[in-house]
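Have a look at the structure below, then the notes.
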Amino acid sequence: QDSVYVPLFTYRTGPFAGSGTPIADGMHDYLRMLNERDGGIGGVKLVLEECETGYDTKKGVECYESVKGKNPVIVNPWSTGITLPLIPRASVDKIPILSMAYGLSASARGDIFPWVFNPPATYWDGMSMIVKYIGEKEGGLEKLKGKKIGFLHLDAAFGKEPIPLLQEMAKDIGFEVALYPVAAQDMQNQSSQWLSVRRDRPDYMIMWGWGSMNGAAVKEAVRSGYPMDKFYSIWWPGEDDARAGGAGAKGFKMLNWHAVGANFPAIQDIQKHVVDKGLSKAPKDKVGELLYNRGIYNSLLIAEGIATAQKITGKKVVTGEDVRRGMENIKLDPARLKALGLEGFTDQLVLSCSDHNGHRAAFMQEWDGTKWVKISNPIEPMTDRVRGQLEAAAKDYAEKNAGWPKRTEACDKAS
Amino acid sequence: MLYKILIEPFVFMGEAPDLLIQTLWEGLVSGVLYALIALGFVLIFKASGVFNFAQGIMVVFAALTLVGLYEKGVPAFLALILAAVTMLVLAVLVERIVLRPLVNQPDIILFMATFGLTYFLIGFGELIFGGNPKEMITDALFLPQGTTELDMLGGRVRLQHLDIAAAVIASIMIGLLAVFFSKTRIGRALRAVADSHKAALSVGISLNQIWVIVWFAAGIVALVAGIMWGARSGVSFSLQIIALKALPVLILGGFTSIPGAIIGGLIIGVGEKIGEFYWGPLVGGGVETWLAYVIALIFLLYRPQGLFGEKIIERI
Amino acid sequence: MRAPDNPVFAKGDVLLAVENVSLSFGGVKALTDVSFDIRKSEIRAIIGPNGAGKTSMLNCINGFYYPTEGRITFKGVKRPKMRPYEAARGGIARTFQNVALFKSMSTLDNIMAGRSIKMNSNFFWQLFRHGPAMREEVEHRRVVEEIIDFLEIQHIRKTPVGRLPYGLQKRVELGRALAMEPELLLLDEPMAGMNLEEKEDMSRFILEVNQQYGTTIALIEHDMGVVMDLSDRVVVLEYGRKIADGTPAEVKGDQRVIDAYLGVAH
Amino acid sequence: MLYREAGQFKTSYVADSAIFPLRQDRIGIGLIILAAYALAFIGNSFLLQAVMIPFLVFSLASIGLNILTGYTGLLSLGTGAFMGVGAYACYKLMTAFPEVNVIVWIFVSGFFSAAIGALFGLPSLRIKGFYLAVATLAAQFFLQWCFIRIPWLVNYNVSGALDAPLRTLFGIPIVGATATPQTRYLVVLTIVILLTWLASNLVHGRIGRMWIAIRDMDLAAELMGIRPLQTKLLAFAVSSYYCGVAGALLVFLWYGGAEYDVFNINQSFFILFMVIIGGLGSLIGSFFGAALIFILPIVLGIVLPAILSPFGISVGADVIEHLRFMIVGALIIFFLIVEPHGLARLWQIGKQKLLVWPFPY
Amino acid sequence: MTAAAQPVSAVETVLTVNNIEVVYDHVILVLKGVSLTVPKGGIVALLGANGAGKTTTLKAISNLLRAERGEVTKGSIEFNGERVDKLSPNELVRRGCIQVLEGRHCFGHLTIEENLLTGAFTRRDGNAAIRRDLEAIYEYFPRLKQRRTSMAGYTSGGEQQMCAIGRAMMSRPSMILLDEPSMGLAPQIVEEIFEIVRKLNATEGVSFLLAEQNTNMALKYATYGYILETGRVVMDGPAQMLRENEDVKEFYLGVSEGDRKSFRAVKSYKRRKRWLA
């Protein structure tokens, strides 16, 4: 039987397993559901294989090398550390990389990084959305003048990436920024950061955290009595992280771009075809939780990439090269989502030859003590601000990597 | 610049004494928690000269066992006892399988063996309990949860009841251990074993028995540390990273001293909080990660064996 | 092995003078006001009951301890506080009461290590093990082989010394000290734990070194036979104080020495 | 009969103090080197890129640490950071002076970590044993902090990470996206062989003896005229040099781009364990250790599913990973029990048995 | 010298070593079939040159070999009629057999007194009895009493040796394996130690196996002796007999033609030992 090979890099082990496990389950279960329900995509079965990275760059690179020989149609590293070494290899090995809303922000530029995709938004987009939302709550961005925004972030490339943008906005708008870096080894021990928060009394807190840093931060915020409704996060905390704060965590807000919950036909199908048959590792009640659905979203993109590739090329069994084209032609509009049984699951996403990101809007959601509640309409990123950052970064990357290959891959007419 | 380094922080301390007190308190609390982890190291090091790399994972393992059992429906206090029993079993197994065949080997070899143990326990623990973080069963164990807010010095100082409980429990444990090890026959034997396996064997000290005792004691300490850390920041495998902080504590206090572990913990805890809070901003923060080691290093230059460590005997 | 040529010091001159040396550790007084001298090319024995301060005396001489009071003059120069390696470079070598060999190295390497101070090819040549480095290596190897032959330990040349029986370890240690071509050789109980035959061998080596190269030797030993036969002069310590000093015959007859140390007259 | 000492007489001290006095050993080494080069032409890209290159890089780092911990007896937990210094130095140098060949910069970058290593080695005069580890831990965390905090080190890259611009040797790309695993492997192999040879010269000469002397009995060494501080600092410098070069190789010839995070404390432990399990104070042990600690898990990852699947047990990647951890842990303990002095000693005993074969002793 | 007069075979034996072979590190064969017996209440000397295997024999008996990666590959060892090859050292000490290690292995970080007290680890007869014995040890070695609060690591070589011997005595053993007790001790003390050995032997019936280089002393106090050479027993017999053997006289006692020869007079030429021929 025809098949395409889809490796899934996962980390169900190691210090970040708490976030990695639900994501891995979501990713796996959606694709598995397609196999069980539809016999794959376009009549081609998906051969799924997990490779455990433990969020460790060394193992991630090893995973990549070990799957490379099996003609994978796409790779999703699920760690910025792993993504970075893979970026230069992708173009040589002709394997597209999907780093969904993480990785190298500059890779949104399809003309420079034809093989890398990071939809639906970059961290810069995310930061601009949060600031915008806060501004709106104050009654206009200019009202932020004179306010103080605290930025609690993992002290690594990931956490530091939005800082220049934040500072630029601070300068333009006139608010003040206080930085609170959290070292990876102190993720669970943030008392000094929160002491400083008490000293500086920022009006708002924004968090860029990962893994157990998020849960610990919520706890510390509660402990130190920071008003939770002023505490915002980028899109990585899950239910468990918010739950860690107990009742006090109520009001904690985060950015998200897809629905939470299992009330979608496709997810019901996952329940029916995968979870109920015991083909999933996820406990029943975790299906539909935030990070699980994040995994689904990731797989949705993979599946769409493959399906689109099949459509463009007319082939059934597609290659990495085809899927790259497929990804560049992804068009997830409401109609398509409805057809997939995911109506209202997420905002539309259209990628193109030059735009590998989409820079889609996200919405704000709030923890009500037991679950996430959507509290805003989609917030568009402040494109004008973000674009500058992006252009500069992409140019910088290409410049510094002298000899970085010019894009030779043709663009499809459709896009 | 000099003003910023030498004067401003102190001025600020004076201006906001409530924050100073809060900082000290937070420092003390983390110090106690570090000390709890360090204590486990000390016990084992004292008794066998083994630098137990696995102490961090033992903390996680103990806490996971407790929470895991509870989640399976075992009543909390029974789960606590079962977790302790698990640590006993672990101690016996470690003695049998790892330590006994490696008697009289250089320290670094035993250190390596505990690394093998760490690997094994990580794999085993995740296999059984899964990698997901779990919440410590604070309520079921009747650990206090609230906060006391003291209005003082023109400000407000917040004291978490959990932290107070941690400090009390840690002091009790340390007291008990100190008495046990200094006042009993076993205590002397322990120090003898740490000095020389060979000579200890020759006078008839049963290394096997001693090792089971101390590894079990270290397991219990790990369980307590696991409960306390777990209540503070959740139970997950990433907790083992924190165990690294026990290193400067140990080194500062001296590897063999129980009071050393405590005082070292407090100095490091307070030192790094004060450093981070008052001086950290000058360099963009995050100095906490290395400050502890630098503090320890400075102390060591004056006392190469740590504050309370046994004197390094140099005689020829 | 070459005899260290030192025109200034002829046989019989005072090579090392210990004047009013005291040493204490906290409350313990290891040495109290000890004075004696060691003359060029003599064998000087230091004896005394256990804990009398003999080893401490040697430690003072080669800089491992600093006397709390008093001074030590070596080759006519009053010694400032110096680190042990400076003393070693100044020509003082020693062996240790509890064998202090480099356990994992072979006999050959141990003795070669003893020649470290005589070797000076630079790092660069060492890296390539060529040119001066190799020449030096071979040249010193020759000297070391001479020492090995002299001490009759050819058969254990390549055995890691940790595995050797105690007696042979002591012999290797002597070899290592000889490799430094010292002017003053300090021997701390070189014959402890040896049987008669081995003691005889050891005595032979010591005498030969002394006679052939004129090396001055300070010797601590509990075997009275050895001390009486080998040494030119003997100093006796008890509780950190000097109680006698003189030729073996004189010392042997001294009542205080008999009471404190010998027990029965030998 | 193949492995016999008999009949091989040495007529000069030069021949006798050769590093491989036995003819069979020399032939063996020659064959291994030959095979290593041949591998470049027969191995597939997985073998070269995911197994051999990292194996060689870690072997080099292990040699570095072995010089410090194995030969000189100074425990260091800062290897990761010293590797990092090499990598960052190399990055700065090769981007600042792109016209100079990158190979030169790889070698030069080692000097930067040597200097930093020596600096953090200063406390070793007073502090010993596990206590000394704190000085190196301070280095580890402080340097790591610098890597994140000083954007100048990464030329203000937005990603905060090191990337690998294209660099060539004789017109063939060796660094950067287009460098093939084969050329990278050949470059790494050559560098590692060269540096191993130099290290072996050092440790078998006067300097090596001084290091071992300090390790075995530092007081006695000092009483024999060996200057402890100089000797220790030299060990720190040489060791860090090797680590630095290994770090540069790791980023530019293996990963091709990396975050500060690859130089974290786990990396330090990782290398330390290679050194211990391979054999403290043995260069060949460094290779054994790297093989066991790095390659074994990879092999297990491939072999385990293959073993389990015939029994109808199909387990997830995570369970494989757990089993892998458990097995590696158990094997480490097993090897230590069999031979605490590491694989190198096991190897030696094996050879010794071969010498007396067919008699047991 | 009352014990020496008794014929050994008539008494019951405490310790029997039967043809043991010892290998270190799996490859180094050190003992090649050593057998010996110690009668109850006897003092047996084990003599031999450096590296003959005396220490190894004692360690094989006390089961400390395993800690040095040595192994008894052949033969058996019986203590009080019971096979003890598989017992741990600690069980052996409980049964009354203790070894004094060669080379003064004291616990450097413990004080002299603490060192002595660790010797009583296996005892169950209460603190008072232990205190009493401690005083007795101090009486034997007054030097130790003076240094009781010093850390053993700082004491002199001889003090450490006394401490090691005293520590073993603290376990109230019925058999002591003494490895080179006289090493590094002043002549006076050596004599005292042997007197202690004799006293313990006579008054408390403690048996001794004594590895010694000081043949003179050893044969003066022992009842029976074994001579080891390169891992084999080459000669054994009652102490009296050994003392009169020509070779023993020449190589171990240093008396030829009735007179002690001077160490200055030694020639490098050596007569071959007869038993090697």
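Read from first to last, the chains carry the letters A, B, C, D and E; within each, the first residue is number 1.
Everything below uses one rule, namely that a residue touches a chain if its C-beta (ideal position, glycine included) is under 8 Å from a C-beta of that chain, and two chains touch if they have at least 3 such contacts.
Chains and their UniProt names: B, D = Branched-chain amino acid ABC transporter permease; C, E = ATP-binding cassette domain-containing protein.
All of these numbers come straight from a predicted model, not from anything done at the bench.
**Student:** Between subunit C and subunit E, how many steps is the shortest route if every step has to go to a touching chain?
**Tutor:** Minimum step count, subunit C to subunit E: 1.
**Student:** Using C-alpha centres only, name the chain that sits farthest from subunit E.
**Tutor:** A
**Student:** Any idea how many Å lie between the Cα centroids of subunit B and subunit D?
**Tutor:** 32
**Student:** Any idea how many Å lie between the Cα centroids of subunit D and subunit E?
**Tutor:** The computed centroid separation for subunit D versus subunit E comes out at 47 Å.
**Student:** What is the distance, in whole Å, between the centres of subunit A and subunit B, each centre taken as the mean of its C-alpha atoms?
**Tutor:** 36
**Student:** Name the residues of subunit A that each touch 2 or more other chains.
**Tutor:** Expected reply: 12-13, 155, 183-185.
**Student:** Give the residues of subunit E touching no fewer than two other chains, as numbers and ranges.
**Tutor:** If we look for residues of subunit E contacting two or more partner chains, we find 28, 154.
**Student:** What are the residue numbers in subunit D that touch two or more other chains?
**Tutor:** Residues 141, 145, 148, 219-220, 223, 265, 318, 321-322, 325, 340 of subunit D touch two or more partner chains.
**Student:** Among all the chains shown, which pairs meet the touch rule set out at the top?
**Tutor:** The list of touching pairs comes to A-B, A-D, B-C, B-D, B-E, C-D, C-E, D-E.
**Student:** Can you tell me which positions in subunit C touch subunit E when the two form their complex?
**Tutor:** Its residues touching subunit E are 25, 28, 48-52, 54-55, 97-98, 163-168, 189, 192-201, 203-204, 207, 222-226, 229-230, 261-264, 266.
**Student:** If you look only at subunit C, which of its residues touch subunit B in the complex?
**Tutor:** Checking each residue of subunit C against subunit B gives 59, 64, 96-98, 100.
**Student:** What part of subunit B is in contact with subunit D in the complex they form?
**Tutor:** Contact set of subunit B toward subunit D: 51, 97-98, 101-102, 105-109, 111-113, 115-124, 126-127, 131, 244, 247-248, 251, 255, 283-284, 286-287, 289-290, 293-294, 296-297, 300-301, 304-306, 309, 312, 314, 316.
**Student:** Within the complex, which stretch of subunit B touches subunit E?
**Tutor:** Within the complex, subunit B touches subunit E at residues 103-104, 185, 188-189, 191-192, 194-209, 310-311, 313, 315.
**Student:** Which stretch or stretches of subunit E touch subunit B in the complex?
**Tutor:** Contacts found on subunit E: 62, 64, 66-68, 88-90, 92-94, 98-101, 105-110, 114-115, 117-119, 121-122, 151, 153-154, 167-168, 171.
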